[in-house]
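Consider the two complexes below, in which chain A is the common component and chain B and chain C are the respective partners.
Moving on, here comes the complex of A and B:
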């Protein structure tokens, strides 16, 4: 009985409207950012040049900002807002108002930053490393995006808090709990980037101060930069843990362990930024290694996640009568886009995670640091595992929110889309990995480096990247066709918002998981432990500050 | 909270592998001396050109040190000084580099020399050139319009 009513639970239409607003921005960013990605691979093949004075590093900035910051943040906030609404019974009008304010503040910030990039006033890439000095409106726009995301995230926290108040002594709904963990991690992490933008880069770009401390700014950026990637990943984990089991007709392996793994991600995602700064001067190697150890702690929740997911798959398969060691694998619903699209993403996470272990391995990073291997790596993690899962989510969430249905034809197109994506990524990410091992740098336009023999070896891989990039762009066109269909044209109907139940519902999750004072306290303690002494060192031993430079091409 | 027996075995196995792995990396870094470049010396980025050793970029033979040569580079948008050097095969060389302006990369393709150059900081790495041939130094951190045109060459000769 519970399942039959649960299946009909709809996201409140007023909440649906806000989620859809987020998705329109996210998919617009995907369209434009994807086009920029295609152009980059074409330029780097050496066979084509950008017209009308458009600059490679300008489109690289657009691609990074739109894909890494706009698509992800808008999609995640829209998805989590809907997930909290679905599992708590809807947002209050105050929370909804906060959500809308956050959405508009983020959008205005995005437009401010985008305008400066288009005017070639901010070709500084999405990492905007000082002493490259962009126009102050670019930094102010970024501030708006961050502050907007806090207000937007506050909506989820308000609704979660209200649910807890109304249901004393009860563990919160799993999806809401996971959404709030991710939002809290995001807020703690963005404090770093907000600090460098507000207190260093904005006053410096306005001319209020002459110089900037480059290493402090970078360290604050990377305090944010690594949890940023977990902020992308955790919504995908929400889908894998709590939604996919329902789609295949199984159960969540363990509700408590799912919560524990999310808490471990909160604890170990943030005090780890030095592993992006392993090859740089001014940071003591002992502190670098300490943060490397903390980085590797996320292996533990990752192993838990892998175990849970495959346990769910196997138990479901065996309940359908599958026999043998791997018989369960065959009975999974391979014809259901809601399953197979995220599943391809999950599978991509195996090589992606292995690559990540190499990158974070202290001295091993020297082999690959800032080579195009890194670009290949995050096109497997973010641009395959995460994005394919987001696509898979939108195939049921968009029609659920718009009161339409995922038709058989669209389901088929979605599966084709995922395979197109997979093939494109094998070409692009694969050749990026190999070229990186040969020393090819990331973030660089086409160059023969003065006729160097080593650089000549890289060019065939760059052509392979252009082939992969073209196939991926085809994939983007397909996903946009599906999105527009589901948003405007698909037949009216009911599409389920799948929410799985635990295998042992009588086993209640321990209430200690909802003790935010405890988890935020440990998070803060770990951050202080990992950062206080090296940060004091960096400030005390700082060289004279840097004045700003604008070394990119202008209109 | 209940944990399945197989999951316990899986996690114990995984965490043990992790401990062994981190121990290997740690021993290699701190006992065998394979730390990533982490020089703590600073310099004024505005006056780099007048300060030792950056007033004389290039290869210098040194005596009484654990390395035979010092190879000094000054980077600025969009070039390295010197643009070309010859290094004798088998020489143990300390590479010393810094930047005059924005952040640059310093990667010698095909070797383990790969470090960030940041204004105000000196980056160092000691290595032995034990393969003859031409090696390309590329800037692998975005530095502006000519980023992809920023390179230098090391010729390792017998």
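Moving on, here comes the complex of A and C:
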């Protein structure tokens, strides 16, 4: 009874409009960024060259910025905004106004940065490492994106706070709680990148100062850069923990376990940025090692998630009468795109996670650092686990928001889409991993490196990447067809926004999980502990600052 | 005789419903996969450095 009424709960149409606005930007970024990805693999195969003086590092910047920053941030903000609306009963008009302001500020910032990249004023890749120097409008645009995301995220926090006030002593709805954890983590993390952009890169690109402290700016970037990847991942986990069980007809294995794992992600995602700087001189190895230990703490909530998903599936399967060790696996709803598309994402997280543990293993990082293995790794994490889950979400969320239905034909096309993606990624990411182990560098156009023997070994793998990239691009075309269909052409109707219930609803989540003073306090303490001393050391023993460099060809 | 058969049937079914044996096997598989990949790259590391 409760379930059947809950199924009818709709996101308020005014909130739906704002979510859809985010999705239009996100899927436009996917279209353009996907084309760049294809071109990159073609260039790297050595069989094709970019026309009209377009430069490899320019399209690589476009790809990284659009896929890594624009697609993700806009999709996540749109999804979380809808999830909070759905589970709290809707946003207030003040929160909605904040959401719209945030959206527009982010969009203006995106357009400013994009214009500079297209004018070849900012081929600095999506990490914009100093001493590569972009036009100041690029950095100002990024500032707008960050500030806009804070305002946008404030909408979710406002609505969450109102719900808490109206329901004293009650644990908040799981999806809202998760969305707010992710937004809070994002705000704490972006303080670092905002600091380097505002205090270092903007004054430097404006010519107010001549030099920049490279290590300080890279350290502030990676203080942000690691939680960035968890900011991408947690919305996928929201779907896996709290939505997928409903889609398959099962229950959440444990509501408290889900909340605890999100809190652990908040605590341990931030004080670990040094694991991206393990080969970097100028940072005390003892502090690198300490952050490596904290990095391994993140393995705990990841494995908790794996356990709880397996358990949800097994419980459901056995309730359907499945027997034996793995009988439950067979009765899962393999014909339902809302399930299988994110499921392929989950499966990809197994090799992705294993690769991540290798990357983080202090000394072993030397085997893979700055090789194309890394690119292979995050095309499994971000470009498969995360985006396939995002696609799977949009296949029901877009029609839910536009008052349409996911038809049988589109459901089938969506399943094909996910398999095409999977096959393309096996080729592309697989060959990137191997080429990386053979020493092939990332962020590199085609080169024979002066006829080197070792570089010749890499070429077959680069050709395999082009094959995979072509298949993946077909996958992107399918996603776009489905998205446009669901947004504009699918038949009118009702599509459910699935929200799962816990297996034991009488077991209320402990209220300590909602104690923000406590969790933010521990987060701050861990960050201060992990960063204060090494950061003082970095500043006190800094080499002379560097002037700016522009290594790329200009128009 | 017939009674005993019925009893065993019921018992297995009860056990099966709440069992998380498959989950245990799956997380073991996951752990082994992680260790095997890690060790293979570890040997590559030892070989090279």
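Note that in this section the second predicted complex is superposed on the first by the 555 of 555 C-alpha atoms of A that agree within 3 Å, B and C clash if a C-alpha of one lies under 4 Å from a C-alpha of the other, contacts with A are read in each partner's own complex, and residues count from 1 in each chain.
We adopt the following convention: contacts are C-beta pairs under 8 Å (C-beta built on N, C-alpha and C of every residue); 3 or more make two chains touch, one makes a residue touch a chain.
Since this is a predicted model, take the numbers as computed values, not measurements.
Legend: residue contacts after superposition of the two complexes on their common chain; A:94 is shown touching neither chain B nor chain C. Contacts of A:307 after superposition: both chain B and chain C are touched.
Contacts of A:209 after superposition on the shared chain: neither chain B nor chain C is touched. Contacts of A:364 after superposition on the shared chain: both chain B and chain C are touched.
When both complexes are overlaid on chain A, the residue A:355 reaches chain C alone and has no touch with chain B. Of the two partner chains, chain C is the only one that A:328 touches; chain B does not reach it. Between chain B and chain C, B touches the greater number of residues of chain A.
Applying the stated contact rule after C-alpha superposition, one finds that A:281 touches chain B and leaves chain C untouched.
Legend: residue contacts after superposition of the two complexes on their common chain; A:55 is shown touching chain B, with no touch to chain C. In the superposition on chain A, the residues of chain A contacted by chain B and by chain C overlap at 303, 307, 311, 361, 363-364, 366-367. By the touch criterion given at the top, residues 1-4, 6-7, 10-11, 14-15, 18, 21-22, 25-26, 28-30, 34-46, 77-78, 101-103, 105, 107, 109-110, 112-116, 118-124, 134-136, 138-149, 151, 153 of chain B touch chain A in their complex. On the chain A side of its complex with chain C, the touching residues are 303, 306-307, 310-311, 314-315, 317-319, 323, 325-329, 350-351, 353-355, 357-358, 361, 363-364, 366-368, 437. Residue ranges on chain A touching chain B, taken from their complex, read 55-57, 60, 125, 129, 131-132, 214-215, 218, 253-254, 256-257, 260, 277-286, 288-289, 292-293, 296, 299-300, 303-304, 307, 311, 361-367, 369-371, 438-447, 449-450, 452-455, 504, 507, 509-510, 541-546, 549, 551-553.
Listing the residues of chain C that touch chain A in their complex gives 16-23, 25-27, 30, 33-34, 37-38, 41-42, 44-45, 48-49.
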